[in-house]
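Next, two complexes with chain A in common: one pairs it with chain B, the other with chain C.
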Partner chain A sequence: MSVFLQPLQTVTVGSGGASTVTFTSIPQTYTDLVVMVSARTNRATYALDELVMTFNGNSSSVYSQTNLDGNGSSAVSGRITSTTQFTTTFATADGAATSNTFSNSTQYIPNYTSSNYKQIISDATIESNVSSFGYAINTLRAGLFSSTAPITSISWTGIGGQLDQYSKFSLYGVLRQGI
Partner chain B sequence: MYPIATTTVGSGGVSSITFSSIPQTFTHLQLRGTAQSTGGGNTYCVLSFNSDTTSSHYNDHYLTGTGSTVVSGADVGTVPGMAYNNITYTTSFGVQITDLLDYTNTNKYKTMRSITGYDANGSGQVNLHSGLWLSTSAITSLTVSVASGNFASGSTFQLYGITTA
Partner chain C sequence: MSDTPTVLEIDCTTGVQTERPMTADEIAAQKAQADAFAAQQAAQAEADAAKAAAAASAADKLAKLGLTPEEIAALKG
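Our next item is the complex of A and B:
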């Protein structure tokens, strides 16, 4: 058994799709969390969709994030403050993305049981194979969850549509030396 | 996270390395590496799968910081694989961590995500690369090539398998 990246929970969306994916009862015995996401939604018109992420079911204005995005031709950095969710993960979307394309992202959440505010960093790529949407988005995002509560659950919802079949969310625990 | 295979380039260098017969028992793959070229200029790596080097089967994109500017660009159907991991012939080795999610899923085209970079005390860059292989085939082998020259001695690549709960 690997203790470097311990598999904790996995959700693979079945036929019919899913409006939300949630990891609940996250063990409090690790130091960090890692989530890998391969996702697609049925959002119409567009080639990509943002996935809203919240911790502990908290939809108060306790989220903020800083973004660095590239679309294959230009790059931009932006910031969102005091909002009700993270948008650090993406999905391809049925509206325009080539069939069978899915996003690829990893989110790293250190010290998730701490009584301090929680940081998250995310790197995500969306390859849609559609020229009118710039084919792709590459994004690096850092976020702050301004809550002292340990993270016990994480949820994702597509902004523009529900998650498609075969979307996969993999949760891992990371142990530090000595545990 | 389980080690599958490791390759270290010996003296004389090689133009490519291949991991073949990749086990189909994991959910995700991660390729880690450090690489340097033997050519006389900056170059990049090219990642291809299952011996497919048809350029029209691959797209790739990048977000790059050079220490002074940030740029984003693309290669769409023009490279016989996914161009990524810019490397040099200097003393600095380029570093990469590359993730391939759901590599056995035959309902998905395969998307690559890679963090790469190098610093050479006065020059360097950091990159987020993405790539798309327009195939639903499970990945059974992967090849990393260098676009010009060879991989220099001491370049190393390690392939890991990642399971899910």
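Our next item is the complex of A and C:
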């Protein structure tokens, strides 16, 4: 099997910030999608925020997920069903996190053109360097988008604040051949 | 930061990036997302509190039966 990774688009949030970043008109010629995210929001008070992800502008109750989050001293697992978005990961937030630090995450979406329901695998870390927030948090999350429609657009929104300048989203197409 | 919520759109076919104000429907959808997330968090916090209360109650009952703190801790694994 050979695997080909094609950079599709990269966007960096400008000085005004942005509430939502959306990739539209995603080519339907790959087998899987990969997104690399480096994000920070202007959420007040806290060191972290949550980034939520929706597909095709669909905010119906068609998302579910299982979470495993750890901060170095404790771990939390949770399950959310029939919700209106996939909560992908934490983002670093202005309220308490160390200046100029951004979260890092990867989201993998296999078989995004399929007429079956779509899976999402997301892993992420934030490094806040703030002891009261556990310094760093790692997340591993599995999601399901219960829609038979091919994915043609993906959006990310900060729950607690706008995405800061320099937040970056890079989309790649994965082409699996010979399988 | 702008006070007006904005959407940064990237057309993956043309590469064109567009920044525009959110529509009223999008603002409503964003608020619904935030509300849904807050509700999830509240439900999780309530479940965690109930679990902690049950564990404390169980430990108290075990102590009254004569188990030592070490034995109760061992039962918790």
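Miscellaneous remarks
Keep this in mind: the second predicted complex is superposed on the first by the 174 of 179 C-alpha atoms of A that agree within 3 Å, B and C clash if a C-alpha of one lies under 4 Å from a C-alpha of the other, contacts with A are read in each partner's own complex, and residues count from 1 in each chain.
As a working rule, contacts are C-beta pairs under 8 Å (C-beta built on N, C-alpha and C of every residue); 3 or more make two chains touch, one makes a residue touch a chain.
Since this is a predicted model, take the numbers as computed values, not measurements.
Touch criterion met: A:Val52 reaches chain C, while chain B stays clear of it. Legend: residue contacts after superposition of the two complexes on their common chain; A:Asn71 is shown touching chain B, with no touch to chain C.
Once the two complexes are overlaid on the shared chain, A:Thr84 sits against chain C while remaining clear of chain B.
With both structures placed on the common chain, the touch criterion links A:Gly16 to chain C but leaves chain B unconnected.
One of chain B and chain C touches more residues of chain A, and that partner is B.
When both complexes are overlaid on chain A, the residue A:Ser114 reaches neither chain B nor chain C.
Residue contacts after overlaying the shared chain place A:Leu171 against chain B and chain C alike. Judged by the touch definition given at the top, the superposed model places A:Gln162 against chain C, while chain B stays out of reach.
In the superposition on chain A, no contact is made by A:Ser147 with either chain B or chain C.
After overlaying the two complexes on the shared chain, residue contacts for A:Met36 are found with chain B alone; chain C is out of touch. When the two complexes are laid over each other on chain A, chain A has residues 8-9, 171 in contact with both chain B and chain C. The residues of chain A lying in touch with chain C in their complex are 8-9, 11, 13-14, 16-27, 42, 50, 52, 54, 59, 78, 80, 83-85, 87, 157, 159-160, 162, 164, 171. Of all residues in chain A, those touching chain B in their complex are 2, 4-5, 7-10, 36-38, 68-75, 77, 98, 100-106, 123-127, 129, 131, 134-136, 138-140, 165-166, 168, 170-171. Within the complex formed with chain A, the residues of chain B that make contact are 1-2, 27-28, 59, 61-64, 70-74, 76, 99-102, 105, 107-109, 111-113, 115, 128-132, 134, 136, 162-165. Interface residues of chain C facing chain A in the complex, by the touch rule stated above, are 1-2, 5-15, 17, 19, 22, 26, 29-30, 32-34, 36-37, 40, 44.
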